[in-house]
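Please read through the structure below; I'll follow up with questions.
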Amino acid sequence: MSGKKRRIALNTGGGDCPGLNAVIRAVVKRCVLQLEWEVIGIRDSFDGLIGPRMDLLELTPDVVAGGLTRGGTLLGSTNRGNPFDFDPTGEGKGQDLSGLVVERLNSLGCDGLIALGGDGTMAICNDLSERTGLKVIGVPKTIDNDLLGTDITFGFNSAVEFATLAVDRLHTTAESHHRVMVVEVMGRDAGFIALHAGVGGGADAILIPEVPFELSKVAEKILDRQVRGRHFSIVVVAEGAREKGGEQIHDGLAASGKTRLGGIGRYVADKLHRTTGIDARYTVLGHLQRGGIPTAFDRILATRLGNHAVDLAVDDMWNRLVVMRANKITDIPLADAVDATKSVSLDCDLVKAARGVGIVFGD
Amino acid sequence: MSGKKRRIALNTGGGDCPGLNAVIRAVVKRCVLQLEWEVIGIRDSFDGLIGPRMDLLELTPDVVAGGLTRGGTLLGSTNRGNPFDFDPTGEGKGQDLSGLVVERLNSLGCDGLIALGGDGTMAICNDLSERTGLKVIGVPKTIDNDLLGTDITFGFNSAVEFATLAVDRLHTTAESHHRVMVVEVMGRDAGFIALHAGVGGGADAILIPEVPFELSKVAEKILDRQVRGRHFSIVVVAEGAREKGGEQIHDGLAASGKTRLGGIGRYVADKLHRTTGIDARYTVLGHLQRGGIPTAFDRILATRLGNHAVDLAVDDMWNRLVVMRANKITDIPLADAVDATKSVSLDCDLVKAARGVGIVFGD
Amino acid sequence: MSGKKRRIALNTGGGDCPGLNAVIRAVVKRCVLQLEWEVIGIRDSFDGLIGPRMDLLELTPDVVAGGLTRGGTLLGSTNRGNPFDFDPTGEGKGQDLSGLVVERLNSLGCDGLIALGGDGTMAICNDLSERTGLKVIGVPKTIDNDLLGTDITFGFNSAVEFATLAVDRLHTTAESHHRVMVVEVMGRDAGFIALHAGVGGGADAILIPEVPFELSKVAEKILDRQVRGRHFSIVVVAEGAREKGGEQIHDGLAASGKTRLGGIGRYVADKLHRTTGIDARYTVLGHLQRGGIPTAFDRILATRLGNHAVDLAVDDMWNRLVVMRANKITDIPLADAVDATKSVSLDCDLVKAARGVGIVFGD
Amino acid sequence: MSGKKRRIALNTGGGDCPGLNAVIRAVVKRCVLQLEWEVIGIRDSFDGLIGPRMDLLELTPDVVAGGLTRGGTLLGSTNRGNPFDFDPTGEGKGQDLSGLVVERLNSLGCDGLIALGGDGTMAICNDLSERTGLKVIGVPKTIDNDLLGTDITFGFNSAVEFATLAVDRLHTTAESHHRVMVVEVMGRDAGFIALHAGVGGGADAILIPEVPFELSKVAEKILDRQVRGRHFSIVVVAEGAREKGGEQIHDGLAASGKTRLGGIGRYVADKLHRTTGIDARYTVLGHLQRGGIPTAFDRILATRLGNHAVDLAVDDMWNRLVVMRANKITDIPLADAVDATKSVSLDCDLVKAARGVGIVFGD
């Protein structure tokens, strides 16, 4: 290394997701302890690099200690730091500071950037690599599991385990009080969390964005159960689910600049109450799904992804995305991951199994 | 016993609460296995006794097996079954069927009734004992811990542990995204859950019904933290909390016949966002607090309460309420528990400790 | 179906494993509610079918209700009921009652058997199908995840999550008291649980049957950490791990007819204490890993497996084993699964990632 | 304060216990943020003060952040640092360095010491106060809950919740395999953990040091259950329990300088197996009970205790122990706590309730 240590940068962008710190820890332990590189953490996505003042944190083994069990990200995160339209205070006066990214990384002596983020962050990284020559390795982060290039993303398992636990808790109340309980979970565009938590939690109906639903079909199921002596039902609904012929309630609210809990959950509960005459209540899991200690599954997955990201840096393989395919960690071109979301396929065996145990999707 | 087994009845009324099945189990194991009595369970509060058709369940050790870990109540519950104004279908045509309670218990050969329920149920039981001669032993059930006669009620510990876990989960998101997170917990009239979960979860502000709050004081705390480099804050708010000079938002909604999640939580988040300029989100724990597997604490408390209820029946001590005082199980006259709610005292050492670690109450 | 319902039998064999009841529930809900078949449960592996008295349980939706969250198996299980050497009381006077299996299933009107079990049970089922014409569909159950034909088995994820949680708990004690903590986990022949819980829990060394270890290498790692100011270490050891040149301690004990907790765990702790001079303690997770509520992951996997088993029965495809390959449920010939155990490959990316974060295997 | 900040010292001694960091956090937040004092942490009990080199840590709000959810102690702990017989390396050449304690605290400008520790630490502190004039405030720490002066100690609730969860996990295995499961929990001299976890977990027998047991009574209970169709049983045994006329197995092992897991647990399992003919297994919870994230209950209790300790320092009330009595935090003379252990009283209502649900104690 001729006296000069190799140095890479790392940042995290987008929403909170269990396992971010575990990826960071794996990158740092490998780089610092095995390879004797240095890792420079950039705070708050790109803000800490190109914002009014640099905000960096040298990532040492001490800094990442305990990272396996810590939710959130020790580097902070934000959705507003797009370098092509940089507007960290959200005042609507964005500037194109994309050139600064490579310039500053160079001045810091960093060979490249390991970026942890969602599809938004990955699209930005891909643009930066194409337009400014940034050398970047992406680690995909989406709690919704809706990225096409990878079988699974870290954070998803933690979210599903918590959502299932929540359904478990609602079960006893529903049963004791002869109620319909509607649980609204994450998933604006894809129903993976709803599908998994619904099957895991023993729901009677699962409503997902992929299947515009008719509530009459759900009501029928609830009344069928009534006849068989089951005076309660559980409905899991993804925030992005919508009625056949209807609009996404969530998007409507978001568009108006106001977020109100329980758009679709409340709608479904109210309508099922009217239709069936059975008392119906709703609960919105919201941010509870994003936080907390990652499951072992996600810690392990995150460690594998982080280690592979360093493998790529060692081999000077840039502009790649680290992914999981058929239980193996591998990588694909970053460009392939942009705009490549996936949805629940109604032909998959999990949907068939769900129908097999009697769960209705409202179709 | 001259060939005829002694027999008692048992029912559960009011909202779901972790530990109900553990009380039932303790009563049944003691009565059936130790005393060779029979226990007749009445389903759905008083509905199973005086409703259109009797709905009973003999409570044997087999039926209550596993009761320690099962949330809800195996007997079902309802808030509509007041025998003095009996209206099980909620159509507003209540009848006074109070006389039927004793009549039917007699015809079933039951000496008396062990009733598990909240203050509503206990008031009804007291009226029944005074007006119709019902022999009843009450076991108090309020997840809110707001009954004056007892130091603590079962279910409260389970609710606090879950609410604290929820605050833990929100912490990491708040910290990563530099946000204010507002968590709305149960407590219409008393702030015990908010106070305990707020201290246990490390909140920065706790808003409770006992202390009409000024949000400017909370905003000040949040901005103080900002200055000290803590770019996030957690606010725990009881559903019944209200602004100084304002009305209870929850009650207003309830009065209008609509329940919407996050009345006060949403209000607090919106106003703090406007005042501080910091992104603020809210989460409503709602029914998640009532369900699930009881903590060991509640299972143990429930077992002690159930066993003492049988002690009273053995001694033919009726019209008593089983309570916990200074770590001992004892009993008080049922009449003493009616209308005897308690509130958080601002002089208690927990509130002082909360202030000691810097938590503000908005006063 | 001309008036006669189709009927299948189901049993569970071998050790306890989280998710057994979830498989049973899926089979029953599909068969009874969707197909209008009947499912006859046989208690205690084959004992309930060919034992001194038949012990059967009709599996209705009521019987399997709550099966997602219930550990163990509602049918009971045993390791002693091999029909070719039937010796249910373990007195060593086995008889060949294999012919009775088909005979009795026929007399019960069952088309075939869905058998949930480990490799022992699957070998027996395969023999029964080859020698007696039994029509059987196997669902593999091994908490150790060491079956070659499938990517993963249900129960494994639950075991790993618990073992990781246990490592988390030991971490704080190790750190506070400057100790080496040795955790012995399941895995006589394969180190999957140790590997996963070790990576998930942030262990410093992982000892598995696949890699005969030298404790000097582990001691070196511990002392390296000491130098870097980390005065504690965590070692996860599979029960079947052994020293280079040594014997499996576990097997030795088992052979002598005595099982004593902590054969290898205790050995490792004692020797590391002597070598490093650092206080070392051990903990044996034992049966804690087998029990408890299954994770959502295992409930979902179990539901998919159960549903596919019924698919095979619908299509009259017998003597198949239901497996998971590349995230899809499929099936293979039962004969292929016999004697087909798998081990941790040292080339897999998880082992590489473990080494990447500095974990030593003692090789 | 005339320009000079008041300063106090704080240390932790004895075994790991959930809630230690929560006490430290409460002391520091109150002292530093409310009172503008300084808090000097001494590492590893008294070692960091009087050892070969001082090892101190200024305790700021940053240092204690996250302390509510962190197990262990951030200051480290040891059982070997008795200043009257100072032998930190355990070589048996102890020196009396007690005079150094006050001397060094004075030279650091500390008014006094807040000491968190068990009865050993409290006895040392009392001796120091009597012989050297140390000004000390004690906060009692015993996971076993066996201190006479206080109704409950922090850490106990966390240990009981975990032990109960463990019993829950073993239940399903016991039931599926028709086994006796013996669980050995902490408690050398007092059976509080065994009693609480046994009642909470639904054990059939609880063996505690306070009641020398006859295993024939336990076997009788197990066989009674057999007759009633319950083919499994759970026995919770405290590590210090002993047979009528027998010796404490644990102490015997400890005396010989070897600790082996499952002294009494293994003994009980082996003997019950021989007596009843039913398969019996044992599990030792060991260090798992000490670690992990504290429950909300313990975090709250710890916060109250820590805040009261500062109250005493504010009022210059030294040589006091902070305790909980009848749900209120108060304090008693430190001297009163020395040699004041408490045991389970067989007359308490919890033991009666345990017997009420059919649990046997072997008496």
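Read from first to last, the chains carry the letters A, B, C and D; within each, the first residue is number 1.
Here, a contact is a pair of C-beta atoms (placed from the backbone, for glycine too) under 8 Å apart; a residue touches a chain by one contact, two chains touch by 3 or more.
None of these values were measured; they are calculated from a predicted model.
**Q** Just to be sure I understand: going only through chains that touch, what's the smallest number of steps from chain B to chain C?
**A** 2
**Q** By mean C-alpha coordinates, which chain is most distant from chain B?
**A** C
**Q** Find the geometric centre of each of chain C and chain D from their Cα atoms only, then give the gap between the two centres in Å, rounded to an integer.
**A** Their C-alpha centroids are separated by 35 Å.
**Q** For chain A and chain C, what's the span in angstrom between their mean Cα positions?
**A** Computed from C-alpha means, the inter-chain centre distance equals 31 Å.
**Q** Taking each chain's centre as its mean C-alpha position, how far apart are chain A and chain D in Å?
**A** From the centre of chain A to the centre of chain D is 41 Å.
**Q** Can you pull out the residues of chain C that are in contact with at least two other chains?
**A** Where chain C meets two or more other chains at a single residue, that happens at 165, 168.
**Q** Where do chains touch, given as pairs?
**A** A-B, A-C, B-D, C-D
**Q** Note which residues of chain B are touching chain D in the complex, please.
**A** Residue list for chain B touching chain D: 25-26, 29-30, 33-34, 61, 68-69, 151, 157, 160-161, 163-165, 168, 196-197, 199-202, 228, 295-297, 299-300, 303-304, 306-308, 310, 326-329, 349-350, 352-354, 356-358.
**Q** Going by the contact rule at the top, pick out the chain B residues touching chain A in the complex.
**A** Residues 15-16, 20, 44, 70-73, 76-78, 162, 165-166, 168-173, 175-178, 181, 231, 259-262, 266, 281-284, 286-288, 290-292 of chain B touch chain A in their complex.
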